[in-house]
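Chain IDs A, B, C, D, E, F, G, H, I and J follow the sequence of writing; residue 1 opens each chain.
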């Protein structure tokens, strides 16, 4: 079975989030809300901070949409905190970071680069039932686009909330959607 | 090993392209140029035509960038031609469609919905060495964005052509890139 | 064990039938009545329409005999509908088409051409107990004969309803039948 | 793989034919000409003689078409000869009978009723390359139709001899055939 | 374990016996009386009739001794009846013939010539407990001797009825027997 | 495969024969002549001596026919010699005894009573090619008949020397034989 | 686990003993008393009689000590009796002989010479619990010494009856024994 | 295969012998001469010293016969030396002790008491070809007899040096031996 | 899983301790108190006595701390006693020695030198729950330091008794410890 | 086999060392000199810095002794550099840190806490042949002692350089060593 439509596998990881004590996050904690798992290769590296900052700029909006964000690398929560404490860019990040030194999450989502022990640059959107709905991976060196991510989550939420409607290509919030029916088969 | 960084597996499929007789396409034909594999669930359905049309609007530009596009569903090449002949939107599409009724491509890329016999809404970018560099999947009902796809291919081409440079988040052609070095570790 | 005398294996497929919304058909739906499974390779192809039309001419009679007909190919129900909507010949067909893009039925009846992902040109007659009684397959390019099919179903129904009677070669409805007995052994 | 399109498996059987001494027939003997394998359950039984007589009436024509006929049951060649010597109907049959007491042919063609040790009422048409092109099986009590068999063999020979042509449903010799082409896709 | 001393394995076969309708015989039917299973290769062949006739001459005597006789070949019961109806010699046979076209009996007793699908020329004597007590097989072309068979059955019955007695070589009914005892060890 | 028609399996045994030193006998020694293997349960027991004596009476004639005789039990050659030296009846026996304390021959011919470690009362006739042609086993207490054994060996030798002839039931040397032919099928 | 300290495995053998009818001996019969199993290669051979005679000279004394003796070879009980009846030396033996033509005992005690089907020249002493306490094997040609065997059995009985005492090397009945204690460690 | 007649398995052990530095002994060192392996449970224990002393008294004679002696326990060579240095009895022993703390020798000869990690009280005589000819094991508490061991080695050497001769029971050097022959079978 | 944090595996060994009779020690006896397992290669060897003496000097203090000490080698308890009785240094040792001639403890702790049958020079500290907390191994020729062992046990006891405190490098009893907290991450 | 005496397994890791660019270290780089692998759980944590500082104080001396030191945790080399740049204590460390995010080294040395993805607090000393000579692990919360480590390395170097000498317990450089010899066995 493909990853899309599959359910979040069990995991337990220790999280660092600015202003909080370390805390554990499990698959059970994630379910019930929309969630983004945002994997990146390593703390203290290069493209990552720009992607993490770009995503932080959307964080308030995503929270309003009911979406939690989890940044994930194979570093420990100790390392995540140290990065936060010593980097201006990372110091501003408000969402939690998960320590995946056990490689559980990277393996669960199929994004561990096995010869390096680091995760891919991969994004997964999980719905409140724990089902993976959207994913994206880019190769080393290619940054993601948080705005496009938000667009897709809005579409996925629209579809979930409006059964019988689908969003056409490059749909933006407020634009027309389609209602599939027998009569439309072969007519678009 | 993850899909990103893996090499195109062998396949052979019959293609329909407007204005041509049916022809076969194999993995060997694909290598040597950049390629996009654009999977969709089924001919004659709903979101698909808008996505296919959106992508067709970028096709001339992609060809200029040296990128071929292959639309793929588990329908036959007969069905692809019939759809082309009877749908206004599809009738305009210029890139080739591959008939995957054998499910080879859908399985190779891990996007067959096994309980339905249909492919996911999935996009893969393959470099001239046949290595998969970028992928994206959206759930049923959520249309993709061809503009964002072009942005990412441009970044991937930039990185391939400029060793030592990486593109930050949401990078657009012409914007600054980064050159990783020891001194930058922990400094961004 | 041979196919003749074996029981219909479980399946579930989505059907298109003129004038109805899409609906599911399972092995349980089939049992209880006589049924014909009429496989053909692909929508929008050549011999198929003449065979489907020839069979449609017998459909009213078959319904009177208590026989349902299911046309089956590895195309989707969307494709079946599109073919119906765009072909004059197919547009007249009254019996349902099953979408076998999962290859379940083609495999169950042993008629999948595995290297092509298409079904053979094969016919199966199933009695009300779900037992396969008659079968026929012709190679690519050779059309079947719906009239002969009806003849054989009538004979099979006669035998079922008249235990102890058998129908001689090329028997037509109303002709004499035979009652096997010890005395006839070696005497015909 | 299905039976249609598969090649005759190796066998060796002893044949009885009126006016000849017993002789062996192997798969190698069969290849090079068209052949019909005509299975029936048992010598000295009921429907069989009418089917065998019906087929004998077509034998001269089939020979003219280059087609050899082999009747096959799980009886021995001794039994076949005895039946021939003692039955008026069978005494007239001109084509050879194969003794399949080893069950090799019945198993090769998948028509052995394992719980009885008898063959199904099954017909197979093999082309000069030894490839099975047409098959038919009817349940106990339902006689076959030799005329329809001849019709199908004529169509198969026509298709073999006229590459690019296909015979529509219920085609009779001399009627129109179809020449499939890209332009015809979706147009019939 | 050897065949002698082993118990009759389960079987079910259809029998032909002069003057009766076809009937089934199973291992359960056999037990309770002495029985002879008299295998021969094929109906309508050469040595067989002389052996079957020779045995028929002993049949009345054997019945008086409480012994049933079953002739067995891999032909069907239809063939057995046809042979009976058309051969003077066989037409006189009074004991039943079993149709072993399934090869069950031939395999149970280990006498199937696998490369021919015919049984050996083999005789087995079974006691009322279903235990095989005596067996004999001769090669093709060598006829058995029903008189010698009767001699051995008489000896076996004598031994069963007179515990503690054994019959010396070539013993004939009425001749002396031996009573083994410790004192005789090494003394004969 | 049955025992009849199979070839002598390899063995090596030490033999005792009156007037000779112990010597080894192997399957290679046996081939080239006709041979009888005459198994019996144990030295110093009861029926055995009468059977061995009965066979010894035929030994000179068998030698004239080119047939060697081997008596076999699971006793050692030491025991065979001791029996010979101490029993009047056995002291007269002229043919060799094989020591089968290893159970090789008893297993090779399938006549070891496994729960007792003794051989059945079994006779096998082997032709000069080492092929087993005739066999017989009787239960405990039933003596064999050397005269009948000679009759069958004569028939087997006749058939071997006169290809195309078969010996009818209870054939005695000099009596008529049969020449099977097509015309005789179903006529005897 | 080694043979010493292991328990007698199940067996059943027929025994010959002078002046008695044949009788069965099982492992259950052996337990409850001390027993000697005295294996030798074959009846009627050379060293064996001197060893058996030597042991018989000790038999009365062993019986007084509560020890039964079983001579064992792979010959039958018939052979044992015949040897007894025809040999002066063996005719005097009073203890029972077991017939091990099944090789069960020889295998149980690990002394079967597999390439010959004969037992080693081996002695085992079993205590009343069925536990093997003493063993000895000599090669072909080397006779055992019954006097030494008696010495060892006496020592084993002494140790069993006097817990805490051990018998020094070459101990003879009545000589001093040792009582092991902590204080003696390293002091002898 | 039994232990008698088998060949010494490979081993390497460190030896202590009075008046020498530690040295290694392997199976290759042993071959070429007669050897005794004299196992005992543990250094510093009770029966052992009397057995070792008893054997030492025969050591000079054994050396004259060309026999080396190896005492073996699962203690180390350090322990052997310490025992030698601190015990009057052991201090006199002249033959070497092997350290078998690896359990190799105890396992090779099948005498390891697995639940204790100690060897049985077992003796093995090995001939110059490395073949085990004589063995003996006594239970805990029963001392062996070195004089009897010497008697058996003399017999084994006599048999090896005088092919065709065997030594009767309790044979002593100089006594008569037997020459087996056919004529003696059943005569002793 | 590593050895640290794992639980003591089951064992049973016989112990020697000065002034006591031999006694058994099992894993159950060890639990409930702190314990040191102090492995060394062999009794009567060189570095060992100095290490054992060095540890004995700490034994009284360790007992006061609630710690039992077990010296372990693959020698027997007999050997341990003999060493104690004959060595001045070892004669003073007060803690028990375990006889590990079965290699159970050496294998349980992973310190058996398999090619020698001797244990490593290894120390393990087990807490009252039977969990291994500290370990150390030095190569042949390098003596351990009992004082450092005591230092580490004190630290481990401190940590067990003061949850939330950790002991810094080279901590000595009474020195400061650290209390980890979120604020200290990255700050030491 | 135990870890002591085993050879360094293959690995490749990226190192950070103050004042150098990142560089790779493999097992081949390590061999040829003495080396210490000093594992600790995680960058930015608590006991670790004191242990790392304690070891750094010995680093100059160790370098003089020809010993390289590698600190290892499952963090990346990026993280190691960041810790160095932001911590006063770590900023002073002169020896290299290896990034073991692949867990190769932690697994090779058997010190991965599998349920946490972190290494034990473990030290290994490797000699110039790549053979592990000394190891130590302490539980969480117990700091190691760099001084004791240096003492043991000196002893190991002394033993390597002075064959035939061993260092007694708690040996310090310059103190007496022992020369094992046969005469010393059991004398210390």
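We adopt the following convention: contacts are C-beta pairs under 8 Å (C-beta built on N, C-alpha and C of every residue); 3 or more make two chains touch, one makes a residue touch a chain.
Bear in mind the structure is a predicted one, so any value in this text is a computation, not a measurement.
Listing every chain that touches chain A and chain G alike gives I.
Averaging C-alpha coordinates per chain places the centre of chain B 51 Å away from that of chain J.
Centres computed as Cα averages put chain A at a distance of 82 Å from chain E.
Taking the mean of the C-alpha atoms as each chain's centre, chain D and chain G sit 77 Å apart.
The set of chain A residues touching two or more other chains comprises 44-45, 78, 81-83, 85-86, 185-186. Here, these are the chain pairs in contact: A-B, A-C, A-I, A-J, B-C, B-D, B-J, C-D, C-E, D-E, D-F, E-F, E-G, F-G, F-H, G-H, G-I, H-I, H-J, I-J. Residues of chain D touching chain F in their complex: 21-22, 78, 81-82, 85-86. Of all residues in chain A, only 182, 185-186 touch chain C in the complex they form. The residues of chain H lying in touch with chain G in their complex are 1-5, 44-47, 49-51, 53-55, 83, 86-87, 89, 110-114, 120, 122, 133-148, 151-152, 155-156, 159, 165-171, 178, 180, 184-188.
Taken in their complex, chain E has these residues touching chain D: 42-45, 74-76, 78-79, 81-83, 85-86, 101-103, 115-118.
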